[in-house]
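Think of it as A, B and C in the order they're written, each chain with its own count starting at 1.
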Amino acid sequence: MTDRTTYVQIRHAQKAFGTLEVLKDISLNVERGQIVAIIGPSGSGKSTLLRAINDLDPLTSGEIWLDGVQVNKSLPFRQYEKHINEMRQQIGMVFQHFNLFPHMTARGNVTMAPKMLKGLSDKEADALAEEQLDKVGMLERIDYYPSQLSGGQKQRVAIARALAMKPKLMLFDEATSALDPELVDEVNQVMKKLAEEHMTMIIVTHEMDFAAAVCDRVLFMDQGVVVEEGPPSVVFKNPEKERTRAFLRKHLETAS
Amino acid sequence: MDTDLMLRVYPFFLQAAGTTILLSVLTALLGLACGTLGAAARLSRFALARFLGAAYVSFFRGTPALIQLFILYFGGPQIGIQLDAFEAGVIGLGINAGAYMTETIRGAIISIDKGQREAARTLGLSRWQAMYKIILPQAARLMVRPLGVNLNMLIKATALVAAISVVELTYTAQRYIGSTYKPFEMFLLAGILYMIIIYATGRAVAWLDRKVQIV
Amino acid sequence: MGLDFSVIPGYIDIVLLGCLWTIAITVAAALLSFFGGIFFAVIALYAPAIIRLPFRLFEWVFMGTPLLLQLFLIYFGLVQIGVDLPAFVAGVIGLGLHFAVYNSELIQTAILSVDKGQMEAARTVGLSRGQALRKVVVPQAVRAVIPPIGNNMIALLKDSALVSVIGVSELTLSAQRAIGATYRPFEFYILAAAFYYVINLCMEWVQRRIERRIALSR
């Protein structure tokens, strides 16, 4: 390793379901504190790439590195399970459909993993839950069950749940796509706040305005390859590739 | 209707009902244990375990419980299994009920949204931790009603052990029908007791089902 | 004592004959339970209260007590009132009534879920209530519950083993006869189980085909 280690590295990621190639030799570097947006049409492989980073959808070949450690090391089953569980504790993930645990309150959702995996006492975990839920503006709903919360509130609790593990990297998989339009902003605000705190984030999104405002870099993916990559000012304003222009044009039409 | 006769013999029916209840409880417990193991096998990551689980369910649901009971009780000694009638009844019916419960438990588990498992694994929980902390508590709530149906069937199935002469309700009714030639009266006595047991169980299941619902 | 399956061929004819009787009793009881189920469902929903309420009680009793007990009642009860039926007939009646009650539950739910508009439409073209039920509502309801009724029929096959207890010479009793002659319970009960299993598989296969056909016709 050189002294300027790249925080997150994806090297030659390939993924195939049978003969269908979903990811074709993708490489990506993300520096510490950087925020990268991945955009592209549905079926472009962007969610698959994101889910490969914490090995929810394992790659067919290629390597994922986080802070000098390979995430998808090849190890015997038991050792690998132990290793990946440790890695996943360092990688927060937020899902499109929240996936909150319905049988636990907001507090339970946030404290469950820290208590179980990091051995926090009830008191420490409670303090942590209050801190994290306060950060996402959900402190007053701390003892509500998910079924008593709106979509935007659920997603904010889900973000607090991920943050409670003090991750090195946060992955957002279309975190606002399932929300009613008027609830999108409250979640975006939370993500913006994280950006200001220099959380390293990789965001799969349909929201070009948000990506342009918050991200350091934008990747446009189509049919399993990265078509174009660069700062938002370039990718959104002056894209080089025709495919990028076509996608953005189409997106603008449907958005308006 | 011969009420004098009924009054004379009803203590024997009460005693027999006690045996039926004991049989039901023991069978239900064994069934639950077998069902849990069976479901674990059917959901295992090992193909052999999955195959064995499927074979268990298929054989015990595909053949009559009465035959299974006979194989165990009458055929058992040939392969070195010596059981008295009550033990054979509990074990035979328990394994049989377990096959049905396997499907109930497995059905509840696989009906939990896969996003729940993903979210748990993403936080760093192991497969087992995700199962017992996230999936099972949710699946358990879904299981209560269908397991109640299994329990209802199981209580009625305990009558089968009359065929291997365990002195429970149906056997007692059969014996008194034979000695008194009053089938209707004896049916009434046994039937009322069965219905009380079934009704009480049904209420208990409904209570439990309400109790475990989230909010 | 050990196992010795070589005794089986000598008694295979008895067991095969028992197999045929099992199939016969299953088919007969299945038919009775199917049409009985439709009949019961209509009574439970549309008969005047004086018939309906006692009938509900009868349904409740049949669902709350074991089949074996019901078989004893029917077999010995019929004898007591002077009707001396062959065991086979008593067995068919017992099994058939028992499953008719379960089928009736299914059909009742289905009838209630058939669109109210169907009944009204039938009445507006001039059908009487009975005709509308017979020609429009019940056929639709029955088609909707064929798959779960299929499950009941498969359960009926396995419960048909119980009629051995009242002396019907079906598969289980035939196996017992062979055992009486050979003292080989394990071998013959396993054989009987294998036959039940095969019949069971055949029924499941037929059920899947019927379900597929229904799915296509929708």
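Convention: a contact is a pair of C-beta atoms (placed from the backbone, for glycine too) under 8 Å apart; a residue touches a chain by one contact, two chains touch by 3 or more.
What you see is a predicted model, and the numbers here were worked out from it, not measured in a lab.
Q: If I average the CA coordinates per chain, which chain comes out farthest from chain C?
A: Most distant chain from chain C: A.
Q: Report the chain closest to the protein's overall CA mean, measuring from each chain's own CA mean.
A: Taking the mean of all protein C-alpha atoms as reference, the closest chain is B.
Q: By count of C-beta pairs in contact, what is the leading chain pair?
A: B-C
Q: Using the average of all C-alpha atoms in each chain as its centre, how far is it in Å between chain A and chain B?
A: A distance of 46 Å separates the two centres.
Q: Between chain A and chain C, tell me the centre distance in angstrom, where each centre is the average of that chain's C-alpha atoms.
A: Going by mean C-alpha positions, chain A sits 56 Å from chain C.
Q: Which whole number of Å gives the spacing of the CA centres of chain B and chain C?
A: For chain B versus chain C, the centre distance works out to 22 Å.
Q: What part of chain C is in contact with chain B in the complex they form?
A: Contact set of chain C toward chain B: 1-3, 60-61, 64-70, 72-73, 76-77, 79-80, 158-162, 164-165, 172, 175, 179, 184-187, 189-190, 192-193, 196-197, 200-201.
Q: Can you name the residues of chain A that touch chain B in the complex?
A: For this pair, the touching residues of chain A are 54, 56, 81, 85-89, 91-93, 95, 97, 99-103, 112-113, 116-117, 145, 147-148, 158, 161-162, 165.
Q: Across the complex, what residues on chain B touch chain A?
A: Residues 113, 115-116, 118-127, 129, 133-134, 137-138, 141, 214-215 of chain B touch chain A in their complex.
Q: Hey, which residues of chain B end up touching chain C in the complex?
A: My answer: residues 59, 62-68, 70-71, 74-79, 156-160, 162-163, 169-170, 173-174, 177, 181-184, 187, 190-191, 194-195, 198-199.
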